[in-house]
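As written, the chain order gives the labels A, B, C and D, with residue 1 at the start of each chain.
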Amino acid sequence: MTSDPRSAVIAAARQFYQLGWMVGTAGNLSVRLEDGSFWITASGKQKGDLRDRDFVRIEPNGTVIESPNPDNRPSAETSIHQTIYDLFPDAGACYHVHSVEANIAANFSRDGYLPLPPLEMIKGLGIWQENPEVKMPVFENHLAVRDIAAEVRDRFQAAPPDIPALLIRNHGVTVWGSSPAIAQNYLEIAEYLFRYLVVARQIA
Amino acid sequence: MTSDPRSAVIAAARQFYQLGWMVGTAGNLSVRLEDGSFWITASGKQKGDLRDRDFVRIEPNGTVIESPNPDNRPSAETSIHQTIYDLFPDAGACYHVHSVEANIAANFSRDGYLPLPPLEMIKGLGIWQENPEVKMPVFENHLAVRDIAAEVRDRFQAAPPDIPALLIRNHGVTVWGSSPAIAQNYLEIAEYLFRYLVVARQIA
Amino acid sequence: MTSDPRSAVIAAARQFYQLGWMVGTAGNLSVRLEDGSFWITASGKQKGDLRDRDFVRIEPNGTVIESPNPDNRPSAETSIHQTIYDLFPDAGACYHVHSVEANIAANFSRDGYLPLPPLEMIKGLGIWQENPEVKMPVFENHLAVRDIAAEVRDRFQAAPPDIPALLIRNHGVTVWGSSPAIAQNYLEIAEYLFRYLVVARQIA
Amino acid sequence: MTSDPRSAVIAAARQFYQLGWMVGTAGNLSVRLEDGSFWITASGKQKGDLRDRDFVRIEPNGTVIESPNPDNRPSAETSIHQTIYDLFPDAGACYHVHSVEANIAANFSRDGYLPLPPLEMIKGLGIWQENPEVKMPVFENHLAVRDIAAEVRDRFQAAPPDIPALLIRNHGVTVWGSSPAIAQNYLEIAEYLFRYLVVARQIA
């Protein structure tokens, strides 16, 4: 018997909501199943108290194949999750949230990348170097989310990212990992790095 | 059977209190009933552990028509809630809280409006534009709350606000929505925007 | 049957601890009984999980008259509580905590007083004025706490404070109220004002 | 019957995780037993919900002598804990966490030491002076943790620290105390001091 993978996503969403990263109904979280389809949070749900019925299941090609509640619409940002799962075969979960610090830090980017500080914490993203020099890709925001997804695909096919994370200007961070637990670790580390960057800029 | 709408307000108040937006006994929350009357938190109540008896029910004309506890006085700011319900027939709940960030951000206003940053989060307030340019009305504070309410009425009759939210200088934010859940979403988004504005100003 | 007044103090201490205002074993809280004696937290207790036995009962003259645990020593700052109860006959509870913001804000004082911002929140301290101009007394810290207490007594006898609160430089805030609930409200408001003052100074 | 000392460590880890000091799987905590061996958190564990099986037991010479789960590897930073227990015979617990503020404050150090502010809170670290002048040792970070441990040993043998705490640049704080409760108090105080230092630098 396998437990429903939505459970881990629901618990993560509650925590991210409590941390102020999913206020209003912002953000969307997904988990991929063995058959390649993925469950993603439905549009407009409050993230502090999700239920299994608040998801839709999406085929790799974007078709909705299961919706526990007929009113559910897939998240407006489903195309970004699709792109991540397509580009990264090992990705088992993809989490997108909006923190204040992520949006502030995105303003520190240059030439489409945000340089990250050489903190020990970087090891948690799989980088094992003395004084690591790592940068996070930053994309421009567009009203049509498919345009963002297309730019992610184009750039990542040309230049894979150092770490499993990307920023969209004014629009928060997206991370992916092999499981919901790993994706949650990566998100915690990414947000930690944004907090560091913001505080470092506040120092006189 | 309809559940008592005060339940959602009590849960919201506990959360806002824990977030530091209703310290002391600050702020007041109301919910409108089908008959046009509204339940509003009574004056001087601690907001972290409200009960049904900590409200008074008010007619659209301001008359108290139900008070579960004879000592309850309506919130000093009842006239603002009355004005909002009168001006916006779709408003089903009106929430007023005091965060530090709201009071700091109000100081960034010019000519009675606070320009908001073009964050994706703005979509949650019903604005669906590329790089939205939205501003929040800011009113001066007065010892006599009826004077504030009168200015809100006058200005909103002349120029309806872009979004269902207003600031009073030194006196926090007020939002309204079609239900307690929607008003809570709007409040979370408004406070997120204030945090962003404050942090953006702290960057060297 | 009257409930033990230590219950309210224990609940308040847990909350203040969780807010980061009583880290380590810092701070001390007391509640006065009808006979004029007061229960005060014993020295060196962790404040997140106090029990009734973690207090000592003190006569107005400073004598320990009840100690549920023979190892309990009265808080090193008992003399300040004694002074407050002696000077303010209506004081029923006296709370002293150390937040980062209180210690930063104390550095903004001039001539022994910290000017407070004219926030609506000030009404919660019993000041009911248009654009209130209120200031909080600030005392110098001394290794011998009795020296602090003597300066509080001397200054307050000459010039009673505007509000029921005082700061000690590098040493947090002390508030008092007619009951534990009122003292807690006042403390929440004082800390809110410190947060506002600190953020206002962080704005470029 | 003696309770398992891992219980206190597990509770502390949960709290530090919730405070954002052990995000991802960062940090490591240990407690020493009467026989001189110590339990330390295994590598790569999420710290918000540790179990007894998530530790390994280490001899003073570094040998693993007990591992409830065969997959457990000792924390990569075991050598620092070993060094602390060797240098300080009274140390019964050693806690290492990564807060944003610790990493920012480490940047304020000069000549290998971070000057601490003269806050009353310093008394909680065992310093009982008027306007105490205390500084915390700061070490450089190295990819090989044994190199950090060797520098700690060398410097502390030549110049014992004022207080039971040290910083590693970009790599958080380490504290030690005679028991898990005392180590937790010291850590709370150290983090309080970092927050103060950071906010003090943010003031214009």
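Criterion: a contact is a pair of C-beta atoms (placed from the backbone, for glycine too) under 8 Å apart; a residue touches a chain by one contact, two chains touch by 3 or more.
The shown structure was predicted, so the numbers you read here are calculated from the model rather than taken from an experiment.
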Residue numbers at the subunit C-subunit D contact, same meaning over half shared and different meaning under half, come out as different
One copy, subunit A, sits on the other, subunit D, after a C-alpha rotation whose size in degrees, in steps of 5, is 90
Greatest Cα-centre separation from subunit D belongs to chain B
The distance between the C-alpha centres of subunit A and subunit B, rounded to whole Å, is 31
Dist(centroid_CA(subunit A), centroid_CA(subunit C)) in Å evaluates to 44
Among subunit C residues, those touching two or more other chains are 202-204
Every chain pair meeting the touch definition is listed as A-B, A-D, B-C, C-D
Within their complex, subunit D touches subunit A through residues 20, 23-26, 46, 98, 100-101, 103-104, 107, 141-143, 168, 170-172, 198, 201-204
So, in the complex, the side of subunit D touching subunit C is made of residues 117-121, 124, 128-131, 181, 185-186, 188-189, 191-192, 195-196, 199-200, 202-204
